Amino acid sequence: MKRLDLIFSERELEQVLAALEKANAPGYTVMKHATGRGPERVITEDMEFTGFGSNAHVIVFCDQEVIEKIRENIRSILSYYGGVAYVSEATPL
Amino acid sequence: MESNLILQNVLSPPILFFFLGVIAVILRSDLEIPAPLPKLFSLYLLLAIGFKGGIELQKSGFTGQVIPTVGAAILMSLLIPLICFVILRLKFDVFNSAAIAAAYGSISAVTFITAESFLENQSIPFDGFMVAALALMESPAIIVGLLLVKLAGPIKRRPNAKPMKIGSILHESMLNGSVYLLLGSLLIGFLTATNNPAGVEKMHPFTGKLFYGAECFFLLDMGIVAAQRLPRLKKAGSFLVGFAVLMPIFNGVIGVFIAKALSLGPGNALLFVVLCASASYLAVPAAMRMTVPEAKSSYYISTTLGLTFPFNIVIGIPMYMTFVNKVIPATI
Amino acid sequence: MESNLILQNVLSPPILFFFLGVIAVILRSDLEIPAPLPKLFSLYLLLAIGFKGGIELQKSGFTGQVIPTVGAAILMSLLIPLICFVILRLKFDVFNSAAIAAAYGSISAVTFITAESFLENQSIPFDGFMVAALALMESPAIIVGLLLVKLAGPIKRRPNAKPMKIGSILHESMLNGSVYLLLGSLLIGFLTATNNPAGVEKMHPFTGKLFYGAECFFLLDMGIVAAQRLPRLKKAGSFLVGFAVLMPIFNGVIGVFIAKALSLGPGNALLFVVLCASASYLAVPAAMRMTVPEAKSSYYISTTLGLTFPFNIVIGIPMYMTFVNKVIPATI
Amino acid sequence: MKRLDLIFSERELEQVLAALEKANAPGYTVMKHATGRGPERVITEDMEFTGFGSNAHVIVFCDQEVIEKIRENIRSILSYYGGVAYVSEATPL
Amino acid sequence: MESNLILQNVLSPPILFFFLGVIAVILRSDLEIPAPLPKLFSLYLLLAIGFKGGIELQKSGFTGQVIPTVGAAILMSLLIPLICFVILRLKFDVFNSAAIAAAYGSISAVTFITAESFLENQSIPFDGFMVAALALMESPAIIVGLLLVKLAGPIKRRPNAKPMKIGSILHESMLNGSVYLLLGSLLIGFLTATNNPAGVEKMHPFTGKLFYGAECFFLLDMGIVAAQRLPRLKKAGSFLVGFAVLMPIFNGVIGVFIAKALSLGPGNALLFVVLCASASYLAVPAAMRMTVPEAKSSYYISTTLGLTFPFNIVIGIPMYMTFVNKVIPATI
Amino acid sequence: MKRLDLIFSERELEQVLAALEKANAPGYTVMKHATGRGPERVITEDMEFTGFGSNAHVIVFCDQEVIEKIRENIRSILSYYGGVAYVSEATPL
C-alpha cells in the first residue's frame, strides 16, 4: 500500500477532496491549521483570522492504482496554487 | 496638523493595546494570541458592526443624506482601484497591480471603528448609516480588481477548467465570509429594529457594551500581526512602502472634497474619508488568493496590514480630522 | 395555526442568525466558525442555562408544580424512546433504532432557549424551574436506549473485554460532558442562590446579559452545521425524513395533553411540549457513538440536527404554541 | 526503526494510548482535531462542538518488537470502532 | 481557624466551579475545555487584572502605603526563592531546586483574584494598587531562580552557543508573554485613567462586569487541569507533597508579620499574604522550561498547579484571613 | 527524496526553523498543538494555556544533502531540549 501526503492551502481543500473522491480513494484524513513555508510563500497561523486560511495536510492510504488516477488532477491543482505531494510505502498494521 | 489630536488618539485604549502588540514583537516577547481566537474577535466585530449599523439604518431610514452618501461610497470603491492600478502598473505586472488596487478600493472595518471611537472621544456626532457605506464598499472593489485582471491580463489556463467567469467573480465578491457576515448582520439588525424592538434591547449587552473591550483585544492581536508583517515589507521595495503611506492620504483628500460636496457634517465626513483611505486585509486578500493566485500575496497583505493599517489608525485618523476641519465648517 | 406567530418567531435575532448560517451554506459562502469556537459557545450556554435554572429552582423551591412537572418530564424521556423504537424497528435494526430513539427521548437545550426567547417576545410568563426538567431528561433517555440494545440486540464482543455493564451505562448517561456541566451548573446556581446572593448578582452580566447575544452567535453556527447535514439526510431515505418531522409533532401533542393534566400555565406548557418534541444532538450522539458503535452516526445526527432542530425552532415552536392555546385556557 | 500511524476517533484515544503503554512504546505523539472520511463515516470539524469529537492522529516511532506487541490490541479496537493503522520504515536522524 | 470562613469561601461560584472541574476528572466525565479556549480566558484575565490595577494605581497615586508595600512585595519575591532553594536542596539537585524555588517566589494571579472575591464577599475593603505588587513579583523570582542556576549549577554547554547571559535572563523574566501582558495592561490602565476617563467607562463592561463570570469559567478548567496533575504528584514523592502545602503556610506567616509592620489594613494584608503564599504556574514554568531544561517540568508544575493552587484557593485564603485577623486589629 | 519528521516542544520552534533555513531546506510544514509522551516528559494540550506550550510537528521534504547539513544542528537541539527526528523515503507524486 501507499501513503500519499498532500500539503496545500486550506482554500483548495474542496477541490482536492473532490479529486480524491473522483479517483475512488478509500478514505482520507485532513489536518487543518498547518503552517509552513514553500519556495515562495509563507503562511503563518497569525493570518488565519483574515480568512486567508492556513494550510491543510491530507493523508491518504491507498493502492498504487488510486495514486495513478489521482496524479494528473492533483498535480495541476498544486502547480497552479502551490503545495507539495509525496508518496511513500506503508503496510497495514 | 494639531499634534494634540494625534496624542489624544494614541492615548485611547484601542491604540494603546495595538502598540502593546507591536512592542511585544519588537522586544521579542513570546506573547501570542493563538488561532482561532483572533478569528473569534474578527467574527464578533463584523457581526456587531453590521447589527448596530442595521439598527441605525432603520432609525434614519433611506432619506436625506443616506442614499447620496452610500452611492458616493460605492463610486469611490470603483474609482480608487482604477487610480491605484494605473500607478501600480508603473512597477508591477497586471496580476499584482490589480490585487493591490482592489485592496485599496475596499475598506478596513477596524480602521472604521477606531475612527468612530475617536469621534466619540472628541464628542463629535456621526450617523450610524455610515456602516451601510462600509458594508457596500467591499464587493465593488473586488469586482473591479477581477475585471482588471480579466480585461488587462493574459489569463493562464486554470486547473479543473475553471476560467474566470462573471458568475464566479460575483460569487467571490459577494459571498466572501466577512462580506457576507457584515451584510447579513446589517440586514438582521434592520429587520430586528423594524419588527422586534425588544430584540434590539436584548442584543445590546453583547453587540453594544462589549464592543469596546473586544476591539481592544483584537487590536492587541492586530499589533502583533502588523509588526510581524513589517520586515517583509522591506523586501517589497521602497515603491510599495511609499505607496502604502501616500495612497491613503491621496484617497483621503479626494474623500474630504466629496464629503464637502455631499454636505456631510464633520463626523460623517471623517468616516467617509476613512473609508476611502483605508485598505482591506480581510475580504479582498481572501478573494484575490482564490481568483488571482498569480499575484504575490505578501505584497497586498504586507502593505495593507503592515503599513497602511497602522498608519491610518495612529496618524491617519487625526490627520484626516484636521483636513475635515479645514475644509468643512463645523456647523451642524 | 396563526402564521403571524411563525413570522414573529422568524423575525427574532436568534432565528435570523440561524437562517444566515443556512443561507451561507446554500449560497456556498466560505463563512465558517472554526473549531473550537462553537464549543466555547456550547459550553457557555450549558453553564449559563444551568446556573440560571439553579437560581430559579432555589427561588421557587420544591413546592407546587415543580415535583410533578419534573416527574412527568422524566417519565416522558423514558416513554418517548420506547414509542420511537417500535416505529423505527419497522425499517431499522436494533442498534440504529435504539440510538435514534434515545436521541428523541432526550432534549435540545438550544431549542428550549429559543422557546424561552419566543415566550419573552410574546410576554408570556414561564417558570425557571423548567430548566430542572430539561437537565433531568437527558440521562433517562440514554439509559433506555442502552437497555434496549442490551435487551433486544445481539451484542457483539467488544474489544478489551468491555461488555455493556449497568455501571458503564450509568456512567455514559450521567457523566457525559454536557449533561455533567448542565447538572453541575444547576447545582452551583442553587447553592449560590441559597448561600451567596452577592455571587448571583456578580454572575449576572456573564450568565444573564450576555446570553441572548451568545445564543445568536451559536445559532449562526448551528445554521451552518444543520445546512451541511441536510444533503446527507437524503441518503437516509424518506422514512427517516418523515420521522424527523412527524415524530416531534406527535411527541409535542402528547406533551400538550400532559401539560394540561398538570395544569401548567401556557408558558410552562410550551416549554414542556418543546422538551418532549425536541431531540438531542449533544449528549445522546456522543454517548451512542461510544456505546453503540454499530449504529450509523449519520442517521441520528442528520435527523436531529439537520431536520428536527430547524423544524422545531422555526415552525415547531409557534405551532406548539397554537396547540397550547387551543388546549389550555390562558388564565394565569 | 518503524513508524506507526494510527488514525481513529478521539473518543477511543484513551484506550489506544493504554494499549501503547502496555506494549512499552518508547513514546508517541498525538494530533487531535483531525477530520476525514473512511469507507463509511465522515467526521467533520464542524461537529466537534457536539462532543462527538473529531479524529486523532497518533504517531509512534518504535522497534518492530513493539509493533508486534501492539498489533492485536490495536486491531481489535480499530475493527470495532473504525480507524486505520499503517506501518512504514523510518531511520533516526 | 473559623471553619465558617472556609465554608463561605467554598460556597462562592468560582470555588464551586473549580470543584466541578475536579470532580469531573475524579468521576471520569469526558468534560473538557479544548485548547486554546483556556488560553482565551487566561489572556483575558491578565488583561483585565492589569487594566483595572492601572486605573486603581492612578487613583491612589504613588503615595502613602503604595511604595513601601510594592517594595516589600518585590523583596519577598527575592527572598522566598532563596529560602525555598535551601530547603529543596536537601532532596533535589541545583536545577530542580532553583526552578521550584522560583515558582514559589512568584505569584498566582488566579489565587489573587479569588482572594479579592473572598474579600468582597466579606465586605472587607482593599486597595487596587495591590495589583501593582502582583505584577512586579513575577520577574524578580525568575531572575533569582536563574541566578541560582548560574551561580550554583554546573552549566552544560547549550546548543547554538547560547550560554545563559544576563541579557537573556532579563529577557525571559520581563518579556514572558503573561508578565508582559499584565505589566502592559497595567500601564495602559494607568494612562487611560490619566488621559481618557471616557475610555475607562467604555472598557468597564468588558474588563469589569464580565470578570467574575470569566473567572468562574477559567476556574472550571483549572479544576480539570489540577485534578489531572494530582496523580503525577504522587510519583514526585512525599517530600514534595509536604513542601507544596507547608511552604505556602510558612511564606504566608512571614507575610502576615510584614503586613503588620507595613500597617496594612486587613484587606490589603490578606492580599499581601496571598502573594507571598501563592506560586506561579504561568510565567515561571514557561521561563524555566526555556532556560533550565535540566529541571523536570513535572516537578514544578505538579506542585504549583496540582496542590499549592487548590490548597490556597480552598483552605489557604480563609486560613490566612484568620491569621490576619489574629495579628492585625481591624481598625480602618 | 527524503521526508524528515521532527517532533519537539513549540518553544524551540524558532531555533529549529532557523536551522532548517540555514541548511537551505526547500520548504517545511509546521503543525502545532501536538501533544505526546516521550521517555520522560508528558505534554498535554490542557497545559497549553500556561504558555508552557505543546509540541510542534515539523515535516520537511528534501534531498539527502539537506538532511546531512541539518543533522548536527538539529541533533544538538533535540538532545538538549528533548524531541525526536526520523527520516524516511518519499517520492514526489
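In order of appearance the chains are A, B, C, D, E and F, and numbering begins at 1 in each one.
FYI, contacts are C-beta pairs under 8 Å (C-beta built on N, C-alpha and C of every residue); 3 or more make two chains touch, one makes a residue touch a chain.
Not measured: the values here are computed from a predicted model.
J.: By CA centroid distance, what chain is farthest from chain A?
T.: Taking each chain's C-alpha mean as its centre, the farthest from chain A is E.
J.: Given that chain D and chain F are copies and touch, would you call their interface same or different according to whether over half of its residue numbers are shared?
T.: Different residues, largely: of all residue numbers at this interface, under half are found in both copies.
J.: Centre-to-centre on C-alpha atoms, which chain is most distant from chain B?
T.: Of all the other chains, the one whose centre lies farthest from chain B is D.
J.: Take the average of all CA coordinates in chain C, do the same for chain E, and state the distance between these two points in whole angstrom.
T.: 41
J.: In whole angstrom, what separates the CA-based centres of chain C and chain D?
T.: Their C-alpha centroids are separated by 33 Å.
J.: Counting in whole Å, what is the centre-to-centre distance of chain C and chain F, each centre being its mean C-alpha position?
T.: Here the centre of chain F sits 45 Å away from the centre of chain C.
J.: What are the residue numbers in chain B that touch two or more other chains?
T.: Counting only residues that touch two or more other chains, chain B contributes 30, 32, 34-36, 39-40, 176-178, 205, 209-210, 286.
J.: Can you list the chain D residues in contact with two or more other chains?
T.: 11, 31-33, 45, 48, 51, 88-89
J.: Give every residue of chain D touching chain F within the complex, in rising order.
T.: Touching chain F: residues 1, 3, 26-33, 59, 61, 88-93 of chain D.
J.: Using the touch rule from the top, collect the residues of chain F that touch chain E in their complex.
T.: Within the complex, chain F touches chain E at residues 9, 11, 15, 33, 40-42, 44-54, 73, 76-77, 79-82.
J.: In the complex formed with chain E, which residues of chain B make contact?
T.: Touching chain E from chain B are residues 8, 11-13, 16-17, 20, 23-24, 27-37, 40, 120-121, 205, 209-210, 212-214, 216-217, 220.
J.: Give the list of chain A residues in touch with chain F in this complex.
T.: Going through chain A, the ones touching chain F are 4-7, 31, 33-39, 45, 55, 57, 67, 70-71, 74-75, 84-89.
J.: Residues of chain C touching chain E in their complex?
T.: Spelled out, the residues of chain C in touch with chain E are 35-36, 39-40, 43-44, 47, 51, 171, 175-177, 180-181, 184-185, 188, 191-192, 195-196, 198-199, 202-203, 205-207, 209-210, 286.
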